[in-house]
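Next, two complexes with subunit A in common: one pairs it with subunit B, the other with subunit C.
Entry: the complex of A and B
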C-alpha cells in the first residue's frame, strides 16, 4: 500500500513535469510578442526592449525554462505581464471565488443526484425512475454555457429571482444570490452523471441477500435503504464525485465566462489573449495538481471505504 | 454457427460449385442494385435541378416539397442498395458467418432509447449530406449568397413564415445556418474520433504487444494527456496558433512547408481544433485496446486457434480484433457527442469557428449578448440542435454498449 502510494506520487511528479514542459513549449512557440501587446499604442522598440529585459524574455529558452521551473518549485512566482502583480497574489485573489463556486456546484449536484438516484433505484422501472433517467440523459447532453444562458433568460431577465455578476463579498446575501445560477449550471451536468451511477450502484446492492435479511428482521424501510443499502452503494458514487474535479475546472472556465464571475477561469482566458505566460503556466499547473491530487486521494479513499480493495505490486 | 447446407450438396466439390454460383449471383445482384440506385440518383439530380432556385429569398413551398421528395429518393436508393447487398453478402459468405453481429442487432432493436438515438443520428446524417437541398436558403457561409440589402432589412427577426426559426444578427436564416452547421459538427466529430481511435489502437496494441519499457513510456504519456485539463490545453493550442502568421521556409527554395495562416483558414478555422482534439482524445481507446489485447491474448481460444494451425493474421483479425472492436465502436459513438460539445464550447469562448462560418457553437456565441434582451430565440434554437444531436449519440452509444455486452447492462 505504502509502496503503491509512493509510486503514484513519483508518477505524479513525472506527469506534472510533462504538463509543465508542454505548456512552456507552447508559450515559447507562440508567435505573439507579449511586450508589444502590453504596450498597446505606446509600442516602440526601446520600450519593448526594456520590458523584455525586465520579464526575462531576452534570455535563452533553456535558461527561461529552468528559471520558471525554479520559481514554480520555490513558490517564488514571477510578475504577471498584464496585471503587473505577483502571479501568486493574483491567483490567490481569484482562487476563493472559483473554489466557492465549485464547492457550491458540487453541493448542488449531490443534493439533486443522490436522492434522485436512491428514489429511482427504490422504485425501479416506475414512472419516477423513467423521468429521472430521461432527465439525466438530457442533463448530460445540455451544453453548460447554453444552460447558463437559458437560466439567465428565465431567472434573471424574466423572473428577476437572482442576480448575476461578481459579488463583493462571497459570504453575503448578494454573494449567495449571485452564485445560485452559475452553481446550478455547473451542478446539473455533474448531477446527471452522479444520479445514474447512484441508481445503478443501489440497484446492485438492493438485490443482495443482506438487504432481505434486514427486511426480515423487521427494520423500517427507511433504515434498510439508507443504512444498509446506501452505505454499501456509496463507493462508486464517492469515486465519481471525486473524479468530477476536472469537469469542475473545465466547466468553471466556461460558466465564469457566461456569468461574468470573476474567477480563475476568466483570468485564464484573459491571460491567453494577453500572452501572459507566467499566469498561463501557473494556472495550468495549479489545475493539473488539483486533478492529479484528487485522483490520488480517490485511489487511497477506495481502500478505506472498501477494505476488500488492495493494490498489488504492479509488475 | 453455420446454416445447414442445401440437401443436394454431397461432396466438397459440390459445395465449392455452389459457393461459386452464389458468388456469381451476388455480383449480378449487386450490379443490379447499383444500376437501380444510380438511376434513382440521376433522376433525383435532374429533378432537383428543375426545381432549384439560386437567389436569396423565401423558398416556395412547392420547391421545398420537391427537394424533400428528391432527398427521400436518394435515401430510398441507398436503403435498397444496402438491403440487397446485405442479403446476398450474408448468403454468399454463410460459411464464415458467426451469429454475434445478428444477436447484437436483435438486442439493439429491442432497446427503445437506442432506436430513438439511431433515428436521430440517421436524420442528422441525412440533413448534413443533403443540406444544400433541405436548407430553405443557400449556404450562409458563402459570401456569394450574402445579399446585404436583403440581410439588413431582416436582422434578428423573430420566427415567421419566411424565416421559420428567425434570422441571426447578420440577417441570415437561422434554419439554414443550423442545417449547414450540422455538416461541421458531424464532420469534426467523425474525423476527430476516427483519428483519435487510430492513434489509440496503434499505441494500445504496441504497448500490449511489446510490453516492458515501451508500455511504461506510453502509459506515462497517457497519464500526462489524461491529467492535462483538457479544455485549457485546446484553448492554449488554438489561440497560440490562430492569430499570428508564421511559416517555415525550406532553404534555397520558394516552398513553404508550414503556413499557420493557411492551415487555420482550412475548414473555417476548425482544423486546429481537429488537431488538438485528436491529439487529446485517444486515451479512452488506448486503455481499452491495451487491456483487452492483454487479456484476450492469454485466453484459451487464441491458444486453441494457434494449436489448430491458424497463422498470426487469422488470429489477429478473427480472434483478437472482434473482441476489441465493440468497445471501440461504443467509445467512438460517445466520443462524437463530446467532440460536438467541445467544439460548441470552444466556439462559444471565441476560440472555435472563424467569423462568418456556420457552426452551432458559433451561432450561440453570436447570440449570447441577446440572452438578456427579448431576442433570446437567437440562443435558444442552436442550443436545441446541439442537445438533440448529443442526446442521439449518447443513447445510441449506451444502446450499443448494452447490445454488445449484455452482462454490462445497468
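Entry: the complex of A and C
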C-alpha cells in the first residue's frame, strides 16, 4: 500500500509538470496584455512599462517559464496582477470558502442520492422508483445557474428562509444559512448522477445469491439491504463520488458567482478575464493536486470497503 | 480769514465732545448691565444664573439642546444606521493604485484630496485646501491647507503629507498605474506647515479638476511605510469614514469618522458587500436587504411600472459616450466618404428606443450633454443622421459602386466586406443584427463577431480590427479628457481609431493651455465640429444610469460622475431601519 501511495504521488508531480506547461503556454498565447488590462483607462506607456517590468513580463518567455516554475516549487509565490497581493495569501484567504462549499455540496448530494438510489432499487419499477429516476433526469438537465437563481427568488427573496453572499465566519449560523442554497444547487446536479449509479449498482447486488441466502437465514430486511447489499454496491458509488470532485470545482466557479460566495472559483474566473497569470497558474495547479489527491483517497477507501482490494505488487 | 478758521475749529471741538459724551454714556449704561455668570446674557434676562444659558438653546434646530448635542451643526436625530451596498469587489484601497470603480467608491470615503467636487455636481470646491492661488500663466498653484485636520490615526495632516503623497504617485518605484496623471507636475514644495506649492511643466487648465481624483488623495507617510504593499489592506486617510475591515471576496466595512473636518457622516457604518450578479442584487434590493442599487435592463419595465420605486430613484446622464470605432488607418475606413456613409446608414434612435429601452440618449458627437463644452447647436446641426439614401449618394459620389452586380460595392478593387467586432453584450448583439441589415442595404457586407473584452482591447491596441464597439468615460469632468482620444500623438492608445488631423492637434494643444474660458470653449467647439464632420467614430449613445434606494434612506445625492464619487455626508437612515 505504501509503495502504491508513493507511486501515485510521484505520478502526481509528472501530471503537475504537464499541467503547468500547458497552462503557462495558454497564458502566454492568449491575446491581451495583463498590464494593459490592469491599467484599464489609466493606461499610458510609462505605467505599462513599469508594470511589465515589475511583473517580469518584459523578460523572454523561457525565462518567465522557469522563474514561475521556481516560485511554484519553492512556494515563494509572486504578486497577483489584479489584487497586488501575494498569490499564496490570496488563495489561502479564498480556499476555505470553496472547500467548505464543496464538502457541504458533496454531503448534500450523498444525503439525497444514496437513500434515493437504495429505495429506487429496492422498490424497482414502482412509482417511487419512477419518480426518483425522473427527478434525477431533471437534476442532470437543469443548468446550475438557473436552479441557483430560482432558489434565490423563492427561498431568499420571497420566503427569507436563507441568506446569500459570503459569511464572515463559515462555522456559524450565518455561514450555514448562506451555504445552504449554493450547496443545494451544486449538490443536486451531482446527486442525480450518484442516485442513478447507486440504483443500478444496488440492483445488480440485490439479485446475487448471497442476498437470497441472507434473507433465508432470517436476517431483517434492513440488515440485508444496508449491511450486505449496500456495502457491496458501494465501490462504484465511491468511485463516482470521487470523480465528481472536478465537477465540484467546475460547478463552484458558476455557483460562487451566482450566490456571491466568493471563493477560489470566483477568483479563478476573474483572474482569467484579467490575464492574472500568477493566480491562473497557481490555482490550476491547486485544482490538479485536489483531483489527484481525491482519486488517491478514493483508491485507499476501496481497501476499507472491500478488503479483497489490495495494491501490493503481485509476486 | 483767521477768525473764520478758528470758528470752524471750535465747531469741530464741540461736535467731537458731544459725540464722545454719547459714546461714553452708552458704555456707562452697558457697564451698568451686570452679567454675573459671563454667558453674555444680562442677569436681568438670565434664565439660568450661574450657568451658560446657551447650553439650553438648540442652535442647530435638531431638537437636542446644545448641552447634549454631540454634533453641533448636525441634526443629532439623523445619526445612526448602516448603509449597505452590493457591488463588484474592489481591487485595492490604496489611492495611487486604484483603477476600478469599486475601489474608487470606497477610497473616496476614506481619503480626501486638496480639492473635491461639490456633492452631486462636477464643480470644484475646497477639500483639504481651504483656498488656493493660481499664477496668471497657470504654471504654479499655491494651496492653503485647513488646520487641525487629522488622519484616522490621530496625527495632524500637514503640507509634508501633501508633498509625500504627490511624490509617491510620481515615483516610478511606487508602480502606480495612475503615474500618467502626474506627468505635468514639475515639483511640489512645502512652504510651511499649511502651505504647499505645486509647479507644473506646462499650463494645464483642467489641473484642479484632475487633482480631485483618487490618485491625488493624501496619505500619511508613516502608515504607508509601516504597511508597505499591505497599505492597500490597511488604509488610513482623513476622510469622513475610517477603515474597519476587508474580508477578501466578502465585504469591506468602513465606519463614521467622528472627528471629520467636514462634519461627522450621519450613518455609522458603510458596508460594501461583494456581489456582482445584477439579477441577484435586484432581488436583494426588493427583499429590503440593501440600501441602494442600480436597475438592471431586464427589470426596467418593472421599475417604470412601480411608482414607489420611481419615487426613490434618480436617473442621471453619465460622463460617457459609446460608439463604433473605425480603423482610420486601414482599408476601408481610411476613406472619409465610407465612414460618413456608414454613419448615415446605421439606425440609432430606433434601436435606442427598443433594444436599449429608451434609457440612453442619442449621441451625435463626442461630448455628452453633462460636460462643460457640450454645444446644443452643434448637436442639432449634425449632418450624418440615419438616412440610407444619403449614405448611397455619398458612396456614389466617391465612386464607390457595385461593379459586378453582386450587391456589394467595391473599394480599391476589393468588395466591401468587413468584420463588426464587439465585446460580449446581449444588447449590442441584438442591435447589431439591424446594423448588419443597414449595411447590406447600402452595399456593405459585415459579419458580427463577439470577443472577450481584453481580447477586443488587444485588437484595438494592435490595430487589428476594422470596426469595433467601445465607449469612453471621463476620469475628470473636462472635455480635454475626451479630446485626447483623437490627438495624433496618442496613437495607438488612447487614439485607437488612429485618426490624424493636424488642425485638430493644433486646436487641442491650444485648448489645454488657454486660460480664457470663453476662448477655450470656442476651441472645443471647433474641435467637436471637426470630429462631427470627419467621423472617426460612429457616435452611438450617451449612457444614463438609474439608481434606486429604499424609502427609509435619505440624503442620496449624485451627479454626472455617479454615486461612487460622493462622500455621503448627507445620507441618513430613518430610525427603525438602522
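What we mean here is this: the second predicted complex is superposed on the first by the 280 of 315 C-alpha atoms of A that agree within 3 Å, B and C clash if a C-alpha of one lies under 4 Å from a C-alpha of the other, contacts with A are read in each partner's own complex, and residues count from 1 in each chain.
Here, contacts are C-beta pairs under 8 Å (C-beta built on N, C-alpha and C of every residue); 3 or more make two chains touch, one makes a residue touch a chain.
Quick caveat: nothing in here was measured; it's all calculated off a predicted structure.
When both complexes are overlaid on subunit A, subunit B and subunit C end up clashing with each other.
In the superposition on chain A, contact is made by A:54 with subunit C only, not with subunit B. Look at A:20: by the touch rule set out above, it reaches neither subunit B nor subunit C. When the shared chain is aligned, no partner comes close enough to touch A:100: not subunit B, not subunit C. In the superposition on chain A, A:137 contacts subunit B only, with no contact to subunit C. In the superposed pair of complexes, A:122 makes contact with neither subunit B nor subunit C. Of the two partner chains placed by superposition, subunit B and subunit C are both touched by A:257. After overlaying the two complexes on the shared chain, residue contacts for A:157 are found with subunit B and with subunit C alike.
Judged by the touch definition given at the top, the superposed model places A:146 against subunit B, while subunit C stays out of reach. By the touch criterion defined above, A:266 lies against subunit C but remains apart from subunit B after alignment on the C-alpha atoms of chain A.
Across the two superposed structures, the residue set of subunit A contacted by subunit B and also by subunit C is 31-32, 149, 152-153, 156-157, 257-258, 273. If you check the complex, the residues on subunit A that touch subunit B are 11, 14-16, 18-19, 22-23, 26-27, 29-32, 137-138, 140-146, 149-150, 152-153, 156-157, 196, 200, 203, 246, 249-250, 253-254, 257-258, 268-269, 272-273, 280, 283-284, 287-288, 291-292, 295. Taken together, the subunit B residues at the contact with subunit A in this complex read 113, 220-221, 223-224, 227-233, 235-237, 239-241, 243-246, 260, 337, 341, 344-345, 348-349, 364, 368, 371-373, 376, 379-380, 382-383, 386-388, 390-391, 394-395, 410.
Looking at the complex, you find that subunit C touches subunit A at residues 86, 89, 91-92, 97, 99-100, 172, 175-181, 183, 229, 232-233, 247-251, 273-277, 279-280, 283-284, 286-287, 452-455, 457-459, 461, 472-473, 475, 493-494. Taken in their complex, subunit A has these residues touching subunit C: 31-33, 36-47, 50-51, 54, 79, 82-85, 90, 93-94, 97, 149, 152-153, 156-157, 160, 164-168, 257-260, 262-263, 266-267, 270, 273-275.
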